[in-house]
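Next up: the structures, one after another.
Two complexes come next, and they have one chain in common, chain A, joined by chain B in the first and chain C in the second.
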Partner chain A sequence: MTASPVLSIRNLSLEFPLWGGALHALEDVTIEIAAGEIVGVVGESGCGKSVTAMAAMRLLPERAYRVTQGAIVMLGQDMLTAGEADLRALRGSGVAMIFQEPLTALNPTRRIGDLMVEVIRAHQPIGRSEAREKAIGLLDSMRIADAQAVMRRYPFELSGGMRQRIVIALAFANDPRLVIADEPTTALDVTVQRQVLTLLQARARDVGAAVLLITHDLGVVSEYADSVYVMYAGKVVESGPTDAVLTTPRHPYTRALLQAGPEAVAPKSPLAAIPGGLPDLREIIPGCRYAGRCGLATDICRGAAPPQSQAAAPGHTLSCWHAEGMSR
Partner chain B sequence: MSAAIGLEDVFVRFPVARDWRGRVTVQAHALNGVSIAVARGRTLGILGESGCGKSTLAQVLTGLLPPSSGRVTGDRDGRISIVLQDPNSSLDPRMPVWRIVTEPVFLHAPTRREALRAMAADLLECVGLRPDHVDRYPHEFSGGQRQRIAIARALSSKPDIIILDEPTSALDVSVQAQILNLLLALQAELGLAFVLISHNVAVIRHFCDEVAVMYLGQIVEQGSVDTVFADPAHPYTRTLLDAVPRIGTGRAHHALDETELPSNRTLPTGCFFQNRCPMAAAGCERPQILSGGAGGHLVRCHRA
Partner chain C sequence: MSIVGMLRRRLLFLVLVVFGVTLITFAVSHLIPGDPARLLAGDRASDELVAHMRLKLGLDRPLYVQYARYMAGLLQGDLGTSIRTGRPVAEDIVAYFPATLELVLTALTMAVLVGVPLGVASAVWRNGWIDQIARTFAAIGISTPAFWLGLLLLVLFYGWLGWFPGGGRLPTGMAPPPPVTGMYVLDAVLNLEWGTARAALRHLVLPAVCLGFVHVGVIARQIRSAMLDQLSEDYIRTARAAGLSRSRVILGHALPNAAIPSVTVLGLAFGDLLYGAVLTETIFAWPGMGAYVVNSIQALDFPAVMGFTVVVSMAYVLVNLAVDVTYMLLDPRIKEVG
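Coming up: the complex of A and B.
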């Protein structure tokens, strides 16, 4: 697509030091987001999708983690070496973040209007009344009826869907070029989820912002993301254009994930559960991290990590020793 | 088929605010005339979004909450148990697994420790856990394993009916599949009746024989899973099914609709769904009744 990506995570390995060892949370993760693109990161709990987002924003507690290799470049800024002032300038204006639970993201003691004015004025040299005008415009763009009245409300007075739309309005307050949304609709009902994601999608397209959409829901990825990264136990196992990855999945884990849903089999017949659980990330795993649960695993899978990013089709890559055998 | 448990025209209202003399001034109308029946060995799904009253329904079924009016029918003496949504908060972190699992039995009839431990070992085996883990504590298990412990506890009182209140919504899909498989196997083996309360359309469609779709404390559509999902008649059911994101249908281009749920403090007059309904027309200002079509397919809409 465009020349310089808004976010480029290259071969990132990250660990959390523990007593007498470390938890290897991310291993050789490469994610790239071009301007205006909606990129999904999908995986089950513990796969490292949130850690990736938090690391990209430098939001992890500084002394609690160690980057052992790789680089993160966001809007031309090297995030691993950036100082506190650079980070503050970037967060909230160049890049904004939307979290899962809107009630904890909004200060319960502040009225919506005051909160929005503060966020806008933190990054723009404008007066209070001008910021109010802008805030009302943002609420209107999120289809919030009677924005004037909502400005005077406290977060607890609003419904979950309304709160999440306000969080999105805030995220777009300072014309970001990248919005990181970590499970933005997991706490919401499906009809509200559709509204919130449709608004997020429309807003991002309007202002040309890229979105990193982190979710565990393959359906959400399918409907809203242009491309997708599938993560398992801290590694990207497959990535590519959404339609290619979800309709012709090549990695055994992606396939298993798609097959495990109740839609995949006839009613009441046994579901294709993935046996076992996540490997213990405190241990050094010499082979493929999915080998313990994989039906195709052989000695090579258990002995050595599969090469990262083998091409399956243009832009569609996977990390599996049996990539050749998986081609149909 | 005899009904294992049922509700007849149940209303539940909660006081929200009182005046200076203690009289109730504002009420939340959680259930507004719900009638259901579950036969032995069958599964009824309750489908609805947050605030529709599905968890209140679970509390009424288990006897934790008396209905404001209406009747609970069927056998309720220790023959009903419940599996809750979040096994992290439904299991006491300070109790060993054998105590958690056998607590319902112990409360009914104090039994000797050794007998309870043996019973717990059997139950753990029954739900696919290792019987020698009876002395472990909940934090030593994964989320899926904890939900298995909750199921073992529900089985311990030898119930006829188990209420499953969002049993898999805190779990990943691969683990959800394990739990649903376990529940279906247990049902086939023990002839249990299930009431599955969920917001997840795919889970209800897979798991249930019949489904009741709830909106604002009322059942708006009810029938066999095959008919309701193949041919949804109520506009709300259609909205709900349509909103589920699908895999492989390409990028979404959805029109925006009005999605605010009306408050249950003052119930709408007429049809509860009319302010969000794409089919609203003359006649919707009158209260709608749940009326029958072919094969027990009930719909609360005069335009269906």
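Coming up: the complex of A and C.
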């Protein structure tokens, strides 16, 4: 790994204060992204993937959450203490973000071109026509045919896949060093998903930008990510190089996730679902958060949080009391 | 649907509205007890004189004939002759309507200029002190009766402080500007009579505040809720994530979208103000349609009352037509949907 990561989230714990308590959304989360690296974060809904991304961008509503420990450093900027001006300078230029819903992510009454020009000129001291040229170039790079005409279109006149490619073009408008993509293809047709992700990957590789790819789809991770973090109920349970984690998964949750995919079972047989549901995050959970659904859980799992341990492959870490017993 | 197609449909609608309005007002005004001929001739007039007046006014004919005659006249721009003033109603309306329009437009402009910033600030600092003040202000505005507010304004700003004149459109003795639109401030500016413009504007302030006060609160509340809707949209998050400044995101992205549903409220407010002006004009001795129509009602002056109703209804329909055109200009999606 290179010396200075573009994004370093260290031991981050974050909670949302509630009436008479708090929802402990993130617990001791550590994620590191090196320059030019594509990092996947996987987990089911509610596991804290999006909250992590939003917290890193400081896009969560300011008074709605509390960081109880840890640090977020993005491109050398401490994100927890950054002022409004620092954030504005960083957002969209150093770090860009792609959201889940391309249908609503663009201002409905703004022409594509006008929005792109505005975003480009917010960070670069260039004229309107030069910004237009740049915007057309960006659309071209996203394989959008007839970029000139698309510049004059409104979002509602374009398909979902087209819009998401525009959102990606917009994300790359100011040469970011990190792009955070929060389920960028979940809302799209399956056939368009691959196309959009391939474009995103190619673009990131071209300009040397790192990508934080948030998804619930392990197939997406295996195809596009260099390394992966598996999250469960606000904790990172296993992480490491994608190959190592997906071919020799060590954590019971990662294994269960892999078996839950439709390709893991024979045709026409029932899918392997993980029994149970997420624990109540309003309560303080002394032990392993997965213990309630884990087939291997013992008393120690319910009593104390598992420590981090190293697996065989370099960089492959996991939090499980039974790591030893599983390494066969 | 294109703008032209929409305009054509709406103008046809205008004809229908005018037809309906005249039919209803005609029926109502002729069904209420009271004899305009008797009223006009005076209490002590002989029965022959009253009969003569009735004949002269055409009141002896069957109702449908009277209505047909009225409509035939209306198509030629003839609104009949006022029983009370003896002048053509159309002439009276031309004389009095511009004063009302000036008052209404000023009140509306003022309500927008105060209400929109107030609504935006309330939404941005939701539940903060400015929001509390704005909400209280809106509640007071909506629940304050206009006649009471008018008297309060007069006592305070005319009686005690002497900042503004107490009534009328111009100081006594000052000649009105040469008529172009009939609205004094505009006419004075067009004729470069700055002194007159200033004086006319000073006379406008209190009645306009009195008339528009309710709508400051209505507009502020509408803008507030529309802004809150827009600020929670995904595209706002996109704009913030792209590093656009807070003021750009609020004023450049959220406000134009919040303005779309709010334009409807403006159209409704306009109609409300036209009718509300009747009371305000009485309080401030404003020589507009309000005073005219009140006097006409008391004199059972049917042609004048009907003329007023027709003109106000048409103005209302036309303003709402303008609202719909504005809608189309503000929201590119509407052309496709409509």
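Definition applied: the second predicted complex is superposed on the first by the 323 of 328 C-alpha atoms of A that agree within 3 Å, B and C clash if a C-alpha of one lies under 4 Å from a C-alpha of the other, contacts with A are read in each partner's own complex, and residues count from 1 in each chain.
The definition used in the following text is that a contact is a pair of C-beta atoms (placed from the backbone, for glycine too) under 8 Å apart; a residue touches a chain by one contact, two chains touch by 3 or more.
This structure is a prediction, so every number in the text was calculated from the model and none was measured.
Once the two complexes are laid over each other on the shared chain, residue contacts for A:G92 go to chain C alone; chain B is not touched.
With both structures placed on the common chain, the touch criterion links A:L257 to chain B but leaves chain C unconnected. In the superposition on chain A, contact of A:T81 is made with neither chain B nor chain C.
In the superposition on chain A, contact of A:T109 is made with chain C only, not with chain B. In the superposed model, more residues of chain A are touched by B than by the other of chain B and chain C.
Contacts of A:S129 after superposition on the shared chain: neither chain B nor chain C is touched. According to the touch criterion, chain A has no shared surface contacted by chain B in one complex and chain C in the other.
Listed in rising order, the residues of chain A touching chain B in the complex are 44-45, 143, 159-162, 189-195, 197-199, 201, 216-220, 222-224, 226, 243, 246-247, 256-258, 260-263, 265, 267-268, 270-274, 277. Chain C makes touch with chain A in their complex at residues 233-235, 237-246, 248, 252-253, 256-257, 260, 330-333, 336. Residues of chain A touching chain C in their complex: 57, 59, 84, 87-93, 96-97, 99, 101, 104-110, 118-119, 122-123, 154, 156, 167, 170, 173-174. Residues of chain B that touch chain A in their complex: 49-50, 142-144, 172-178, 180-181, 184, 199, 201-203, 205-207, 225, 239-240, 243-252, 254, 256-257, 259-261.
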